[in-house]
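To keep things simple, chains are lettered A, B, C and D as they appear, and every chain counts its residues starting from 1.
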């Protein structure tokens, strides 16, 4: 029997496999496909203080082994989540982890304070890396001082596990990771999407209403994996790794590079059952390769 | 008749389609496949002052819609190029553009001074973005002051067209582009490869001897295209655009985003005749869409 | 209930070089499929295709466990779906989306163009089941672009327009004489190119008739998880794959 | 001269579930193909495969314009190449690389294991043409992993080892009795797993015999343009796709 439990700072996950924010709705969308209780955790869709309409259509373009999105944090606001959505999903026996967004530090604090009061929610993911909003978002995550500032402020407002989600659109991700570690993050998650663009040569127009959008999927996996490996060597806090994970082998690679847990994003669109397959694949791998704990995979690359 | 000529600063190319450094050897490798005289230019393999053995095997790994390489600037040195290789390829009726590398500013200057004397070579590409060498390389291209310093020094040593090749592994590529423009670059080329990594889950070893390597191919196209579009708005000098161009449509997208000329890299490995097909495709597109000059495509996106 | 399920290619019916009906067969079949529902199809063996493709469900047969799609080959995926070998595996996520609401009384007009005719076989049957008198108005560029008229005729009257006049009345669907003079329908259903649907919606508004339109959109998940597929409505952005694809045109502000 | 050329799948010869010979036919054929040359094959219709795959040329027929490959399915590309339909198009860049140098006098020993036997049909014929007495030593895990022995027998004597003793002598090729006692070959040629080739190379060195080995490598271009495929030699890194794949084992420092 392989022990699949992993520890993300104070938060224990029953296994390393979570679903990534913005790619798994609020979970219930996938209820028909598998038993959500099997997941290590669900990072739910990005929340903001107030209702947001998100960006105009078109918001999506397919690319080679990936996709661009420009959703822009469409959501009904944190209060609606707490009052109307969370009660419907809280019965799942898995960690429900809200993804916290804001245009200003005050916004982030306000959302966090509300979530801090919600019984059953044991962790939040602070998104300082959304490339699809005009204000805030990625701007916080690409500068070290502002990443530290927002993390410190949210840390004060939050008593439970604080995971900070980093942007890959930076020269040196280890610097930001060290900054938010110092500012009190319990864990980091990486990577969010890469800022990209697509053009329709025939109409000579961008394919997204916002011109640029966030690139996800297997295309980015080599870069994401490198960043996880770099951050693993730079910080002591655990890493939730993601970026193009499509199967158990990919997930294992992220763990070997240093991720304690992983998130499945875009892959959910292609195979809505993929996360259970990944859980089973990690278990099989551990069994076949003499690991009695999944956590022993973390950083086990022989470099 | 479409006028395919484009102007890269002082340097005129007979058409916008060049081959990218490190992906086309010294040209002669492709002689059996098409008439090299048709190319706008050939950016030959990266040169250093002294002979370099490059990195150890393995140097290559396939990724989703892309590849990682860790060649590490294997070459016989600039003197060997000038004395033994260039005489064999100078008869081609296309621009032969050496790609200049160094570990120190002095190295860069020394290589440049030698190339400055070579009759028939009308431009160099200053590579401050190679991710596969321990010293120099990308380190110059990811910090604005050092990018400016090396460009200024090389500018003083070079009388003809100076193209500076930028690294995409930065938070804000426009800042570096503006820096090298101010330092005297006649043009910029972008992007070089993205720092990435691949792991073999079974052996738990990295797939490259250097652990990390440079990611190229269609996987990176959306990010490269975005960077070209951003730089186009930030600088006045022309852009040589590249990153995952596989066909004429891709090339046209780069031109619409702001590239005056383009480079074909990894695609040469998959179809050694692809660059001629791209030249023909651009010509057809111009004809069918009422452009009498290819240069009118540059930045013609309706954003 | 939504399913993810492997099917096998049973066969094709080729309508013309670009249009075809693909029939898949499964070991079982979810039969709670309603007119307007679609499937997200994983296109097998096509390099360069990353996401599933949303395609309306044309019809299905609960005895044979078959499901049919009417597909117009416009790009990589829709071309590849047209050249699979018999027996090849195709994975579906289905049935997805909301559906047209069949009226209980009165007369219905169904207006379709291009690949937009797919949902109307099922809708026609549902209306017929309600004893609704249905008129189908199908538009195409030439007579070679007008399909499935025999099938539609089983559920109602079929009118046709072609741009070159090679079949039915000459012109666009909106030019058809059915819209001239007395106009006594109680509901309009439409699916096809946006400009066509918008023109039909304004005819409906002018005549104070309820109108439902099925929208296309760039979709990533098809199940409401990614929020990529929105359309602006009078009540803000709505998610096309779950709150649609069928919308009342008043809600769309058309 | 190197060519880029479309061929059609002519057929397969299945050796066992993992090993097969693929024959392609073209409208023409470059016949300046030498033992050890390989082709870079663009694998059709396989999502997830980006680069061409290097495969040795097994044999070719200048009358029929056919070219054959012996392939062991070990991954995505080599599996996909085993399930193409007859008539499907396969693009080759060929012929690539250097070749084994056939000796003019004396006796030759050819040692192959796994998919490393592919170049030896051609090499055997070339040696036969030079009237060289050739011994083939082929190793496999079991008798089901030993192929092409009939073909080799046309050019010389065939010795076999299997790990389980189900065919020929039991053990690894290096255990074969041919290496025991008097050893009177003038040249050894080898292709197969690295450890096997290295062991053979040291036998050659001990016996002061010239030995050529054909190396595998991760290749991107196959034509010397990318410098991805190097091997360390006593003279520094050498490019395997152009300066190899065949190297004198002394140069390799083996």
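Quick note on the criterion: a residue touches a chain if its C-beta (ideal position, glycine included) is under 8 Å from a C-beta of that chain, and two chains touch if they have at least 3 such contacts.
Predicted model, so just to flag it, every value in this text is computed and none were measured.
Asks: Please report how many Å separate the Cα centroid of subunit A from that of subunit D, as a whole number.
Replies: 47
Asks: Quick one: report the Å distance separating subunit B from subunit D, using the average Cα coordinate of each chain.
Replies: Distance between chain centres: 36 Å.
Asks: Could you tell me the distance, in whole angstrom, between the mean C-alpha positions of subunit A and subunit B?
Replies: From the centre of subunit A to the centre of subunit B is 34 Å.
Asks: If I count partner chains per residue in subunit A, which residues reach a count of at least 2?
Replies: 63-66, 217
Asks: Spell out, as numbers or ranges, the residues of subunit C touching 2 or more other chains.
Replies: 48-49, in rising order.
Asks: With chains as vertices joined when they touch, what's the shape: line, ring, star, complete or other?
Replies: ring
Asks: State which pairs of chains touch, listing all of them.
Replies: So, checking each combination of chains, I get A-B, A-C, B-D, C-D as the touching pairs.
Asks: Across the complex, what residues on subunit C touch subunit A?
Replies: 1-4, 42, 48-52, 93, 217-232, 236-237, 242
Asks: Which subunit B residues qualify as touching subunit D in the complex?
Replies: Touch list, subunit B to subunit D: 22-25, 29-30, 32-33, 45, 53-54, 56-67, 69, 71, 74, 217, 266, 268-273.
Asks: Along subunit C, where are the residues that touch subunit D in the complex?
Replies: The contact residues of subunit C facing subunit D are 45-49, 85.
Asks: Once bound in the complex, which stretches of subunit B touch subunit A?
Replies: Counting only subunit B, the residues touching subunit A are 63-66, 68, 142-143, 169-172, 194-199, 201, 203-206, 211-212, 215, 217-223, 225-226, 229, 244, 249, 252-253, 256-257, 285, 300-303.
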